[in-house]
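Should a chain be cited, it is by its letter among A, B, C and D, assigned in written order, with residues numbered from 1 in that chain.
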Amino acid sequence: MSSIKIENLYTAYDKADVLMDVSLAVEPGRITCLLGSNGAGKSTLIRSILGLTPPRAGRITVDGKDITGAPTHKVIGDGIACIPEGRRMFPKMTVSENLRLGAYQVRDEALIRERMERVFETFPRLAERRDQLAGTMSGGEQAMVSIGRGLMAGPRILLIDEPSLGLSPLYVKENFRIIESIRETGITVFLVEQNVRQTLAISDYGYVLSGGHLVAQGSAEDLRNDKEVYAAYFG
Amino acid sequence: MKDDVMKTPIPVSLPPLATGLIAVAACAIFGWLFLLAESEVAVLGLVLLAVLAGWGAQKTGLSATLGTAMHQHSGAMNGAIVASLLAVIALLGTEHFPLLMLSTMLLYLVAALGLNVQFGLTGMVNFAGAAFFGIGAYTSAVLTTHTAVPPLLILLAGGLIAALIGALLIVPVVRTAGHYSAVVTIAFGVLFKTFLEVNEVLGGPQGLMVGSMNVFGWDFNNGPVLMGHEMSFYVNYALLSSGLAILAFALTRRLERSWLGLALDSVRLDETASACFGINVVRAKVLAFTYGNILAGIAGALYGMMISFIAPNSFTFSDSLLMVSIVLLGGLGSLWGSALAAVIVVLVPEKLQILQEYRFLLFSVLVIAMLLFRPQGLLPRGVRSYFPGGRAQR
Amino acid sequence: MTRTASRRTVLAAALTAALSISLTTPALAKETVKLGFIGPLTGGVSNMGLGGRNSAELAVDLRNKDENAKYAYELVPLDDECKPNVGVQVATKLATNRDVAGAVTHYCSAVAMGTVDIYHKFNLPIIVWGAVLPDITYGNEYAEVHRVNGTMINQNEVAADFMVAQGYKSWAIIHDTTDYGKGHNTYFTKFLTEKGGKILGTFGVTSDQQDFTAELTKIKELNPDVVYFAGLTPLAVRIRQQMDKLGIEAEFQGVSGMKSDAYFAGLSGDLAEGTVTFLEGAPAAKLPGGAYFMSEYDKAGFGENYEAYGPFAFAAMNLLIDAVEKVGPDRKAVTKYLADVKDHESITGPISFDDHGQNTVALITKYVAQDGKWVVWEDSEYASGKRQLKHK
Amino acid sequence: MDIGLLGQYLANGVMLGTMYALVAVGFTLFFGVLDVIKFSHGDVLMIGAFTGFTTYLGIVAIGIENPWVALVAVLVVSIATTAALGALIARYLVLPLKSAPPLNILLITLMLGTALREGVRLFYPDGSNPKAFPALLPTASLELGSFSLRADSVILVSAGIAVIIGLNLLINRTRLGLAIRAVAQDEETAKIMGINYTMIVLVTFAIGSGAAAFAGIMNGLYYNEVNFGMGLLLGLIGFSAAIIGGLGNIYGAILGGFLFAGLQTVGAVALPFASAYKDVFAFGVVIALMAWKPTGLIAERSSDRV
């Protein structure tokens, strides 16, 4: 069981701070969500954790180990995986190659094969299309590949960035169901979303980010019922 | 050769205009000294001084003040720059060689301004700058020797022919982008030089004589007599090159700040989006490509007359690269940057003559260092500003 | 300190930005006279330029060591990159420097063609040390322009004569498309046709070309007795090498531009053996001054070979210094002195200038490659009949 | 023209095409992973050839005569040195300029090419003159009428094609190749997959430069001559070949290389005008091809790299 702890994080692009004094904790074995509108700094937070945009100040620890500003491949090596915003397929690679890349740091070929089979069990559609180029698939199918790819690494912590973006309601629902099931396998989930209702429905704890500041937090249930927060941020 | 190459710390309390004028004067004096510098000690000292001054100007905020001066008092500043250019020419007066270098620099600047519209504004690469320059020079060689076309018209003809031959490339250049169009122009550059060498009609590898510039019976190859003193005949060329450079500069600035410039900028940034806004991308590209080639052709035509002898060897791929380096070193799209870089690219290898065979090694190392330390160019282009009527300010 | 050493110092100084370098020679009572040298010090033909520069430098250094010399001489070496526009620049620089009394200039003909006007305009007496195009001296009436080496006319006339006399009938010509290669092609074709030789094909190649198999395959089909190449050593090496690759058995004949030791250094095995080439001037080694030049050049420890035209640069510089010694560092006087040069002894044979400043005693020496050296034809085992040139 | 000669032209063209393709593949690799054109590629090739030549001199100096031993030593030392040089270039000149305008990388590598060339010319003993590269391969030849085929040419072409196939397998069949392709298609997502981006870029540059060294040695063994300027035109042609084939595509590079060789051969022998026009012809066709297929013969689709 693993956790992420973020303390007093500041992150900037060029000279403008995007995240200001953000502190939060992702508790082990649970789904923690981060809500906020477009431009609130949600993706920047993910990028900071992953080391894609190293923070200017503050501290990020995973199970007590400081990973602040570590290069991305080291962070991934610490048992974190990410399902990036917009799915980000490798368009000129087949579905299997995309999945294979999800387990890039895994050296055990048998283990990789085993995990791939599990992904194909979860998403039978992908099994049929394993040799199709990812770039030629529909948005929903790509979302499956993306989630499957995230699971291939066998992560302890999974960061999921806006899984519902640009998907039809049917797929969104399906995705949330799968995310919920991921928790059941013991993986800690940090879910970043704009879709408040459905996110809070599956989360255990939530944070609200606005303009780079953390403005509210609480158990999912509390947030669901907090009229003020609702009115102010999710109007 | 202005703005940034500043020296002497000036109390920040001076108003921007005064600072700016002093800076221009200091640059003029510096330029004059540098053109005259002969010994390795003097050259090295001046280079160090310029580097220190540039660094100091950044540190003390002087360059910002200069920016303000250019911004708020553009009329006065531009006037001062033109005046100091003329002053330098007058001061050099009888010094043939420095005047020749100054004129060369100015003509390279004209060509580089053209390339800047292609590269910096529109984002079209052109690695055949020297070829278009050469087309201009060959045009003036043919026209001065075989016809009686007035030389001033020949300059225009040089630009026109460069544009016409450039038109052959328009289809591939407009259709391709990035590295693909780089290869089109590189191929053209190599083809042009090889063609000239193989072909006998245009003098072959031997080259051609070029007649001199002549304006209304005033032969440029005779030194003008000023108050009883005979000046170098290169004064003529320096003056005409200055005029050409100022004209090209003003025109390019005007273009940059017009709606057209905005259109070119948007084509560079995103062709698809520009097309959505109703910008005719093809027309914008054709225009920028042609404009650049015309400037290169005109500059080449005058250069040919000044040098008076041209051969294919003078217009090789590596000469095109020199022009590209001017644009990139100065900063893409930055006109003053091109001016500063023209000084460096034309003058520094010449001043390195004291190093004889080692000079290109050192020059290339210098350029590498400059690119590493100032990747955006020496004087990066500021955020574009559009002013109706194209007047001033930055 | 030798010039080479001082150049290195300058480089080091520039790199470390140390300002305190002393280039001043120990105080001499003599007046210092500056003499120019221009040649290609960078780029593809820089080996020639550097060889010429070193030789000119040697002439100056040797004279400075001479107690009896009236003046102290200082060399002003400049790089023309083998480009006419750069040549015009540096020629202007040199010619407008009033301290320069005269100069030894240019290896590349196109550059020399572009600069002669400048020398005339500024009255700088110059002696061309390597460019071979006839028009440089014959295309104008400039008193300032002289040349110690012969033109490509002389060379090719001798070459055509000699080769026809060896019994060859048919030729294939490869020339590079520079002025040098094209010029040689023109004159050789002219003389050869006059003397009854047959040219089966002419191929122009660019001066940086690597692969000649296409041209050579065609030549193989034409099956000539001789492959004539007009161009410089690097290309000559490649062509000779690739002739062997394709199994072409023809004799290989070259021009002055490939009479360089680099020809042997560049060719493996005995491929070079039997190649013939021609060079203006007497063979340096055979003249008393020539042996002296060679040993002094070795002693000076230059990094580069003096190459085919180094001796001319040396001879030209010596002639120029002699002129200054005689009439003083005055350009007009030097020009006048040079106009009357007759039978002036030099390491390349006697120098006599005609009305156009062209050295008329354009002696042409024939060379053949024998055991990894260029041997004067008359001294070779080929001439004595011990070895045979290639006959199909 | 008889069949023998035709065969000869074909053999020449294949040889030339293989060399061009090897250079073009390097361009394509660099462009693939980093979207950059490394213009010093031709001069890196020259460095590879000179390193090989120097190694040979060293081998001879310590008294080893066996040509095969010498050949292996030459290849190993030169490829290793050049690969390291390629990685250094990527690390210190290319990666730092990633955020600058892409043309700057082109300029900085061009300048580096000049520096390398000038460096060899000035500091290698007698560097301004050509050097005789040893013939380490058997030179037995097969004569069929006017067609002569030498063993060394056959070995060289086979080795060159083997290297190209090997590179292709490396890219398409190995874990490293997977990572290279991932970086080429989407740098950031590749990082998220846990790929060490910098390492992959350096390795790719090392591979491409190693291939250039191989081409340089091949050039030396075939022409038996190396010189400081050999990389300039080869680089230019390799670049053009990579472009006409379609950048970022190994098959495109191969196609482009052979096409360019074909154009030159045709230009030199089969056209009615003087052979000196062959480069005018070849580059003219390149321009026409670009007008017809603006993204190369094997077009680069949306993000079709490597």
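FYI, a residue touches a chain if its C-beta (ideal position, glycine included) is under 8 Å from a C-beta of that chain, and two chains touch if they have at least 3 such contacts.
It should be emphasised that the depicted structure is a prediction, and the values quoted were computed from it without experimental measurement.
Engineer: Could you work out which chain's C-alpha centre is the most distant one from the centre of chain B?
Structural biologist: A
Engineer: Could you quickly compare A-D and B-C and let me know which has more C-beta contacts?
Structural biologist: Greater number of contacting C-beta pairs: B-C.
Engineer: CA centre of chain A versus CA centre of chain D: separation in Å?
Structural biologist: 43
Engineer: State, to the nearest whole Å, the distance from the C-alpha centre of chain B to the C-alpha centre of chain D.
Structural biologist: It comes to 35 Å between the two C-alpha centres.
Engineer: Where the CA atoms of chain A average out and where those of chain B average out, how many Å apart are those spots?
Structural biologist: Distance between chain centres: 52 Å.
Engineer: Could you list which residues of chain C touch at least two other chains?
Structural biologist: In chain C, the residues touching two or more other chains are 42, 46, 50, 177, 204, 206.
Engineer: Quick check: what residues of chain A touch more than one other chain, meaning two or more?
Structural biologist: none
Engineer: Pull out every residue in chain B that's touching 2 or more other chains.
Structural biologist: Each of 194, 197-198, 357-358, 360 in chain B touches at least two other chains.
Engineer: Which pairs of chains touch each other?
Structural biologist: Once each pair is checked, the touching ones are A-D, B-C, B-D, C-D.
Engineer: Show me the residue ranges of chain D that touch chain C in the complex, using the header's touch definition.
Structural biologist: 1, 5, 8-9, 12, 15-16, 118, 121, 125-126, 128-135, 141, 143, 146, 148, 150, 153, 219, 222-225, 227, 229-230, 232-234, 264-265, 268-269, 274-276, 278-279
Engineer: In the complex formed with chain D, which residues of chain B make contact?
Structural biologist: Its residues touching chain D are 119, 125, 169, 171-172, 175-184, 186-188, 190-191, 194-195, 197-198, 317, 321, 324-325, 328-329, 332, 357-358, 360-361, 363-365, 367-368, 371-372, 375-376.
Engineer: Looking at the complex, which residues from chain B come into contact with chain C?
Structural biologist: Counting only chain B, the residues touching chain C are 40-41, 44-45, 48, 95-97, 100-101, 104, 194, 197-198, 204-207, 303, 307-311, 313-314, 316, 350, 352-360, 362.
Engineer: Could you pull out which chain D residues touch chain B in their complex?
Structural biologist: Those in contact with chain B are residues 31, 37, 93, 96-97, 99-104, 106-108, 110-112, 114-115, 118-119, 122, 236, 239-240, 243-244, 247, 274, 276-277, 279-280, 283-284, 286-288, 290-291, 294-296.
Engineer: In their shared complex, at which residues does chain A touch chain D?
Structural biologist: 50, 52, 71-73, 76-77, 82, 84, 88, 90-93, 97, 100-102, 104-105, 135, 149, 153
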